[in-house]
Every structure is written in structure tokens, then in C-alpha cells.
Amino acid sequence: MINDKNSQKIVDIIQNWARKQSIWVLAYGTGCGAIEIPPTMTSRYDAERLGVRGAATPRQADVLLITGYLTTKTLKRVIRVYEQMQDPKYVIGFGSCTINGGMYYDSYNTIKVLDKYLPVDVYINGCMPRPESVLAGFGKLQELIGNGEANGATKYKENLEWYRANQKKIIPNWVMPEYNW
Amino acid sequence: MEMIYLIFIIFLGGAVATYLLGKINGVLRDITFLATLIVPAVLFYTQVSIGQTVDFSMSGMNLQWGITDFGYIFAYIVLGLGVLAGIYAVAAMKGKENLGFFYSNYILSIMAMMGILFSRDLVSFFIFWEIMTWSSYLMVVFSGKDVQKVGIKYFIFSAVGAYAMLMAIVTTYSLTGSMMIDSLVTAYPGFDFSMQLLIPILLLIGFGVKSAMMPLHVWASGSYSHAPMAYTAVFSGALSKMGIYGMIIVIVSLVSQIPEGHWFREVIAWLGGITAVGGTLWAVAQDDAKKLLAYSSVAQLGYIIVGVGVGTPLAMLAALFMAVMHGLFKGTLFMAVGAIEKQTGTTNFTEVTGLIRKMPLTFLASLMSIIALAGIPPLGGFIGKWMLYESLVGSDHYMLVIVVFFSSTAAFLYCYKFLFGFFLGQEEPEWAHVKEAPAMMVVPMIIMAIGSFILGVFPGLILNPIDAGLQELGYASTQGRYWEMSMLFNEWGDKVVLQPILYTIIAVFVFFFVFVVAKNFKKTRYVSTKDISSSGEIPKAHENLTFSRGFFQPFLRAVEPLMKHQIDPLYTGFGRGMEAIFDFVRRIYTGNGQTYALYAIIFAVLLLIFKNQLFGL
Amino acid sequence: MELLTHILGAIATVILAFVVGMSYGGIVRKITARVHNRIGPPWYQNFIDAFKLYGKTTAIHHGWMQIMGPAFLMVSSVVTLMFIPVLTNGGWFPNLNFEGDLIFLLYLMVFGPLGMALGAGQTGNPNSAIGVTRGLSQMVGFEIPWVMALVALMIQFDTTSITGLMEAQAQSGTWNMFSSPFAFIAAVLAMLGMFRYSPFDIVGAPTELASGPVSENGGKYLFTMMSSGSIFAFVKLTLYVDIFMGGADNLVILLLKTFSIYMIPVLYGIVSPRYRTEQAIRFFWGWPLFFGVLALIYASIF
Amino acid sequence: MQQLKANLIEHIKTSFKDAREKDYPNENRLDFYVNKQCIPSILTYAKDRLGYIHLSHIAIVDWLEDGEIELIYIIWSPEEKIKMFVRTRVERENSVMPNIDMIWRQANTYEREFREMYGIQFQGLEGEQDFLLEDWDGPPPMRRDFDTEAYADDTFFHRPGREDAQDVREAITKRSGEEIPDFAKKYSR
């Protein structure tokens, strides 16, 4: 009964519903994007009504919200934070900088394409994206989770070598604990 | 031959033999040492019956030895702790120098304590008391560190206590013409009031020093932390209880006979309460485990003194139960500190961290003892605390119960500090090599921890002899009224039933253990304590992230006004003043013949001037 | 058979406490949101969060003690619940109401936080330990007025058991909050600290301490802590209702009374900033202590 | 003010023979070129004798055409209210500057930054670990001959579609037929 595929499916549906309704966000506030988070959370836009809520540490968080450009120095920390998060976990790339480098397209120390290094589930476009688009992004993520399509973490796990190769290319001194869960 | 003599002969002979064998062979010495502890203990429990006495005469004084019901309780503590700590000591002191001296001293201490419990007359009581003091003094200075500061402090306070006691004994003899404790008790109500006040106060100074009562506790922190830990377990666990033993006899048998005794007891109870608060607050402020436990001992003895001072049957039960429990858990904790000191070489919380995975059994014993110390059910410390509170509330000591409660709540702080400081927190590579202590050290700790667990569920086991002892002191039987095998009642008949509580806790625990913890634990994998969420940073191996300095700083800031007043400076000031006077006196002797001649002339002149007044001519 | 009903009743009590505590938590979030002029999450949001946390994988541990910590907390909450008379006449929840008394309860309630503190210590995160030390220090602060209030009640009614206090209230016909008002005030002021809403929430301050003791715990650990926290909240509220408001005859009255008393720390907390630890301690040793002393004097005179 | 300035110049010129004054119209400013070996001594002298107790800034200019790098130590005397610029030039390649962080502790931060960003070495500079650039193995990035775009192209991934550099406004015009106002056209590419 428990190992029955159909019952597992039902459990998945319920769990996906719960995951969708309860999104605890760890905002990695690099760059200017962090300033868009307070209005999103406070009374004007009130993300909490959608179940979106801040988490204090990566262990508790579901969503890693990367708000802006990542230098090679911060990328190391972001990878670390992402690997400390517990499954199921999602990544939202926030702002143009995470998509294609934005205004830092020719900078010598910021990465341009986040999804080469971390599995991004949802991108929120804009420089900066307004709180409305942030909410839209969360809505999209909820939709993906509800359909069981937000499987970035699985992708990361399966293609770990590819991601590692990309990461190590710009972080030559690689000292990081093993990632094996 | 009388069994009582035999016990003492074994003790004495063992002490000498261990000392001598210590020069020849280590193994033989250890075996003799353990035998000297275990054989008398076995003899005592099997052959000596309560009430059995031996009389003899020495230089014209009649002396009497024999064990009473009341002394029997303390004999449990002394012999039980003595044997277990002795086994521990053999492993703990291995490789130290001058061990024969240590062991024979240890045996002498145990013998002296047994002697105190056996003494039915004041002379042998005093002699054994002095042997105890001397042997413990030699233990305090055994390590040879800070002898000036710590040893002298202990020595001076013990000496003052002993002189006070001697004065009381001599006064008693001059008043009654007998050295028997019983005759003092019977003659006491007939004394005049100043004597009725003087004798207990003098005796209490003597006993208060050993039981670290408030103004006389100054020696305790230093001495407890400087003696070898194997001995401190006995020092704090059993030896300090001798002060309690004497104190109970003084307060219950003597002072309670007169109407003013009520106020006397109140003062003692409040002194105990202040001792508890002061000891606790200073314990919270310590960074060294030995010091922390030393101050904690002072605080715990404070609770016992509160119980003794209040003196209702329930309070006496509480005090004696706590005395037994304190021997158990504080002995374990001192042993644990000794084990950690042996394995790491330091006892400072700011240096040692993260030993839980290296010394799991020591941690387990410490955890159980700490739970007992904090008074959390279902371990034994709770029983004593519960009875103390109920007795305080029941006997209208409303402010005192708040004071005691404050102290015991603040005790959680140092309890956590002890566990966190040593066992939890970051695992530093510096201590990666640390192994669990040898079995001979761990087993006594575990036995005692289990003992405090059993007493927490079946307090009747130890309340039974306590009850017999209290009846000896003139209390009515309390069994059925205040306690049963695993039930407690207060003055108003409200009860705590311990067994269902234990079963509930075990049932819920097992449920979570099986269904949540164990299942989870298997599925998860261990990560080191460097793998923590520290803002995405990866702490390097040498980066020390342990939080151990200024551990309770906010709390200490809040209670700063309470801790501003210390008794130490007063004593130091007194000492300085005396020194100044002596110094002045010394200056008279300049060593110069001219000056002496001048003195003689001045003296003659003064004689001449005042001769009329002096000689009435 | 009797044992079976007892066990079933106990399970029912735990479920009730869990549901009520969780719902209250959700309602508090809603109320907080309304005070902030937000819409806020639905009242059942806490259930969703808990379910999601339970569904998360928990792949790591820092040692036995980290897992035992939440278990300690849960055991403490459940066992404490067993000793609280949920309804005045025992009713459906007989449990162990008559086996313990208030002082026993005071010490039992410390069991969980201590175990939790050990669990937090095992993780090795300095923030956890800092949070724990703050929590323990704060506890010393609020326990004093709280114990004063309890002692005042004990000497007023010559009993230390909760059922005894409830019977005394039933006999006199007035609630203790009216017959011994100072004790009630002291206890309520102590309750502000006990629930750890602001201004006394420095223990798990999310931004400066990274949520303190729970900072290394996610997934199932956090689920266990969250649910036992909810049960514990229900325990405390029921205890207050039992000893100050005469208990409750049925569930509706119980819910009404607990909710109304729950609103005191919640509404005070919503509009308050945060105290530092020593400020919090001094707060409790100010007016609450004064009312505690008044309560003691009042109780020993009358 | 002029008198004061003249005094200061004289003081410095008598003490340091190779100091060349750089004329500058601003009246509360002194400007010198000195040799790099003189830097610690002239700064110490200014700090101890002339009351220039405050190091405002250390500026750096990359004179690519001259093959030199110029360091400008800007110090300030709160009593005389005159800024002093002490300039020195060193070779771009393989040059070692004297270290002044024992005179002003805060100079350490500037010097570590210059070391990383311009590749200038300082004698006996503390702090071997990386300061701003972690894991950097390229050339010093703030030099003028460092081609940041080429480096970025070389090192990082780029998202396709980025290179065409289309004007957003034109793209919108094409898509939805919106007119671009005349004044805006000159900004379009």
C-alpha cells in the first residue's frame, strides 16, 4: 500500500500543495536587489498572504532568492548556502544581472549566467524588478511546484559534475565540503 | 574483638601500609588502598548494628563509640562515595608522584569521617575532626600550586573553626563535667541564656566552616578546585556533609530545646538562602569548571542549610535527602571534571570544547548529574527540591522560598554552561585526539548517575533510613505522611506520584525515539560542526567559532548589583589591619641597643611620674 | 479497559493541544498582519508550514544530541500536557491530572528547553548557544514574579495542586484573577516573557542571531520543535486558565478563555520593539516583582 | 596663507633636496614630486614637524603612455588648513614601493588594494591573504591595459542574444509600431 505508485502520487500531490503554499525564502541580498524585498514583504504588497515568508538560515529555507549580480567572491558563498539547504529547494534568479549580467556584462569579476552554476527554477526579469513582478515570480514558482516541475535540485544532483566543472572554472581554490544528498 | 575497633584498625593499618608500599610497588599499593576502603565498608554494613556501642577510658575520660540511626545516613554517603571515588582515584591518579601519601591521606580522611559519625563523645569527635581537617588540608596543597593563597585560607578558616569548637567543648566540660554528647543535650536547657547562645554559636562556627556557610565559605572555591579531583568528589560530596551532620545535631538537639531557638533557626535558614544565591551567582560567573562546581557546591550546601534551619519534618527530610543527592551528583560531576582534566589537561571552558563524541559516557554521566543538580524530574535532585519548596511554603517562609527559587533557577545557567562548555559546541582539531576516560574512571560515574536516577523514582529507598535517623533526633515518623516508596506528599496532602510520571516520560520518549529519532538518525549522515550556516562562509579548521567567553554576560550585567558585595575583601581588610598592628608592634624591636636603653629610661621615667597612682603611695 | 481509555484520552489531548496551538499560532499571524495593515496568511498557514517541514528531507545531523534535542522538547511538552487538567471535571481527558502539583510542573517545564538547549549546543553554531544563553537568562528573569504569584496562590488556598486551586475557585465562586488580583498581574507580566513574543524575542532574533537556537535545524527537527512549541503554548494557556480563571467546563469555554488570555502577550508584543537581555531581566525585576511582593503580602494577610 | 605656504615649501625644500614643486592655482594646496625613497621620510617629517597628522587618501594614476604609475599621498593639517599632495612615480613593471603603514595604520588598506588591483609591491606589507579579489589569477584588473571585456568573454559564460546589442526602444517600435519621438532619436544607436 505504502509503496503503491498511486498512493505515492497522492502523497506527492498533497505535499506539492503544501510546498506551494508555504515558501520560506532565504534572500541572498547581493547588489541592489535586496532593497526590493522589504516592500514585497511589508504592508504594501504583503507576500505573506501567499505563504511566502523569510527564513533565517539555509537549513530552514525552501527558496534561495539571489537578488542581483554575483561576483566570483559571492558566488562561492551562494553555492555554499545552496548546498546547505535541504531538499526540496528552489532557486529564484532575481534581476537582469542573474540572467545575462545586466549592466555588469563586461565586468571582470561578476558572473553573467547564473544557471550555469546553480539550477535556477524561475528568473524574474527587470533592473530592478518591481515588487509586482517579484510576486509574479513567486506565483510562477508556486505553479511549477504545484505541477511538480520545479525540480532544479534533482537536476543539480544529477548533473553535479557539470555544475562543479563550471564552478571550479572560476573558483580555482576549491575548498568545499562534499555534496552528497 | 569489637567490630568497631577492627574497622578503625584496618583503616589505620591500611593507611600506613599504603604509604609504605607506595615506596615499593605500585600495584600492591593500589590493591591495598582499595582493600582498605572496601573491607571496612563491607564490615560496617554487615557486622555493625545500630545502637551498638563500645566504651573505653583514656587519660581519665570516658569515651564512647557507636553508630546511631542518624549517623547511618551519613555513613552511606561517606563509605559509598569513598569507595567509588577510591576506585576512580586509582585510575585518575595513575602516573602522579607521591601517590602513597595521597592514598594514605585519603584513607585517613575516610577514617576520620567515620570516626566523627561513630563518636558519641566530644573528645573523640574533636580528634577525628582535626584528623579530617589535616588530611583534607594536605590534599588541598597536594598539587603544590598556590599553597600560599589557597592552602593558607583553608587552614586559617579550619583553625578558627576548630578553636571555636574547642572552646565550646571546654565550656561544656566545665559546665557539665562530662564529655558525652548526650549529657550536653540533656544539660543544655539548664544553662543560663548566654551559655545557651554561646555554645551553639561556637559549634556552628566550627561546622559552618566545613559546610561553607555564608560568611565562612571563602575557602571553599579555592580548596575544592585545588585538591585532586578524585579527592574533591569526597571533599565536596562527603566531607562537607560532616558540617551538616554537626549542624543538625546542634540545631535540632540543642537549639530547638529553648524558645529563642526559633529565631536562631530563622537566622541559619536565611544564611543558607544567602549562601545559595551567592554561590549560584558566582558559579555562573566562573570560566573554570572546578571553580564553577566549587561555587555550585557552596550553593547546594546552602539549600541543605535552609532545610536544616527551617527544621520542619519535611524540611529535614529535604535537607538530608539533598545531602545524599549532593554527594551523588556532585561527586559524579567532580569526577567528570577530573576525567576531562586527565584527558585534555585543562578544565577551562574557554579552552576545551566539543568532547561529546569523544567522551560519550562521561557526557552521559554528567548529563544525568546535571539534570539531578538542576532538580528536573525524573532524577533525584527533584525530590529534594520539591520537598524543600513544599516545606518552605508550608511553614510560611514566603520570601525565603523566592530566594531559594531564584538561586535554583539561576542554577540552570551554570548547568548549561558546564555541559556546553565541555561537551557541546565546536569540535576543535586541538582535541581531536581525546579518548574516553579509562573504564575504572567511567564506571563509578555511571554507577552514581544511575543511583541518582533510581533515587529519583524510588526516593523511599533512602528516605527510609533518613526517617529512622530523624526519629532518633526526636521527630515523629514521616512515612506515609510525607512520603511513600515512590510518592511524595506535602503538608496539605497534595501529592506527586513518581512512578506514573516516569512511565509516561519513558513511554513518550520511547515513542519518539523509535518513530522519529532512530529512524531519522539512520537516514541522516553526520556532518562536522564546521559545517554550519555561517553566512555562506566555510570556517577553516583553525578558525575557532566556539562561543565560550563572556557566556552569561547579559545576565551578569543584570545581577551586577547583587554581586558587588563580596565577603573576601572584608577578610582581606581585617587581615591587613591585623598585619599593620603586628607590624607596629614589631617596630618596637629595632635591634639597636641604644633604643632599648631609651625604652628602659622612658619606662623608669614613667614609673617615677606615675608612681603615686600606680602604687598608691 | 481503563488503561485503554486513558491512552486514547491522552492521544486525544495531544491532538487537541496540537490543533489548538497551531491554529492560535496562525490566528496570531493573521492578527499581526492586520495590525500591520496587511492581509496576512490564512489562519491555517501554520498547518501548511508544519506539513511542508515534515515533508522536507533531513539529510544531516551534527550528532545524537541534535536529534535528541527536539525529542526532549516534544517529550517535555507532551508529558507536561498530561499533568494539566484540560477540563474541570477531567471529562474526556483524564490523563494524569491528579498525580502532580504546581512545583512539579514548574520543574517539568524546564526539561524541554534544557534538552533543546543541549540539541542547539551540539550543532556547534555559535548563534545557537548565544540564543540559548539569552533564553536561559531571560527565564531567570520571568520565573521570579511567576513563582511569586504561584506561591501567593498556594498560601492563600493551602494547596499546591492545580485541581485543588480549581476546586477552591469553584467553591468560592470567584476566579482567582479577582480574588487575588496582584498575583494575576504578576503572573500575566511574567507570561509576556514566557511566550517569547516581542519585546522578549531576542532569544531567536532572526536577523541578528539567525533565529538563535533553531538556526541549524530545518525539516523534521523544526517540525518537531514547531509542533511541540504549539503544544507547549496550549499547556501554558490552559494552566493560566486553570489557576486564574477557574478552569473550563467544556471545550468552547476553554477555547474562549485561553484565546482571551493569549491575546495579552500577543497584542502587547505586536506593538513593542525588542529588549536587550539585561533590559528584559530588569523589566521583570521591576513592576512584576513589585506586584509579586504585593501578592505575597496580600495572600499572607488575608 | 601665501606666507604660510611659502614657509612650508621652504621647510620642505631645505629638508628634501629633490622635492620638485608642482605649481597649482588652488591656494590651500601644496604639491610635490619626490623620489619614491623619500616618501616615508617626507611623510614622517610632515606628520611630526609640520602638523600633517591626517592621511586623507592615497590616489593612484596609471600613466600607461609614460610607462609609469603615479602614487599621490594626500595629507592634511587641521591647524594650517592646507592640503599637501606628495607625488611619486614608479615604473609600471616590477617596482617596489616603500611601505608607510607604520606611519598611518590605515595606509595598509590602500596598499593592499593597490597591490591587488595595480600589481605594485610594497616592502614588507602585512596581510598576505587576498583582500578584495579572491582566487584571482589574471593580471591586475585596474591597470589601463587590462581589457576587462575580453577577460569577461574569456572567463565567464555569456547568454546568447546578448551580443546583438539591440536597442530596446527600436525593438519595441518594431514589435508594436510605437513612434519614437524626435528628441529621443538622437539617443538611439
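When the chains are written out, they are named A, B, C and D in that same order, and each has its own residue count from 1.
Assume a contact is a pair of C-beta atoms (placed from the backbone, for glycine too) under 8 Å apart; a residue touches a chain by one contact, two chains touch by 3 or more.
Remember, it's a predicted structure, so these values are computed and weren't measured experimentally.
Q: Between what two chains do the most C-beta pairs come into contact?
A: That would be the chain pair B-C.
Q: Distance between chain B and chain D based on Cα centroids, please, to the nearest Å.
A: That gives a centre separation of 70 Å.
Q: Using the average of all C-alpha atoms in each chain as its centre, how far is it in Å between chain C and chain D?
A: Roughly 61 Å separates the two chain centres.
Q: CA centre of chain B versus CA centre of chain C: separation in Å?
A: 36
Q: Residues of chain D that touch two or more other chains: which are they?
A: Not one residue in chain D touches at least two other chains.
Q: Going by the touch rule set out above, which residues of chain A reach two or more other chains?
A: Answer for chain A, listing residues that touch two or more other chains: 57-59, 76, 181.
Q: Could you check chain C for residues that touch two or more other chains and list them?
A: Residues 58-60, 210, 215-216 of chain C each touch two or more of the other chains.
Q: Chain pairs that touch, all of them, please.
A: Chain-chain contacts present: A-B, A-C, A-D, B-C.
Q: Quick check: in the complex, which residue numbers of chain B touch chain A?
A: Within the complex, chain B touches chain A at residues 525, 527, 531, 533, 535-538.
Q: For chain C, which residues count as touching chain B in their complex?
A: 58-65, 67-68, 71, 74-75, 78-79, 82, 96, 99-101, 103-104, 107-108, 110-111, 114, 117-118, 121-126, 129-130, 132-134, 136-137, 139-141, 143-144, 147-148, 151, 154-155, 158-161, 164, 210, 215-216, 220, 224, 276-278, 281-282, 285, 292, 296, 300
Q: Note which residues of chain A are touching chain C in the complex, please.
A: 14-15, 18-19, 21-22, 24, 42-43, 46, 48-51, 53-54, 56-62, 85-88, 181
Q: Can you list the residues on chain B that touch chain C in the complex?
A: Residue list for chain B touching chain C: 354, 356-357, 367, 371, 374-377, 382, 385-386, 389-390, 393, 396, 398-399, 401-402, 405-406, 409-410, 412-413, 415-416, 419-420, 423-427, 490, 492, 494-497, 500-501, 504-505, 508-509, 512-513, 516-517, 520-521, 523-534, 545-547, 551-552, 554-555, 557-559.
Q: Going by the contact rule set out above, which residues of chain C touch chain A in the complex?
A: 29, 33, 36-41, 45, 48-49, 51-52, 55-60, 206-207, 210-211, 214-219, 222
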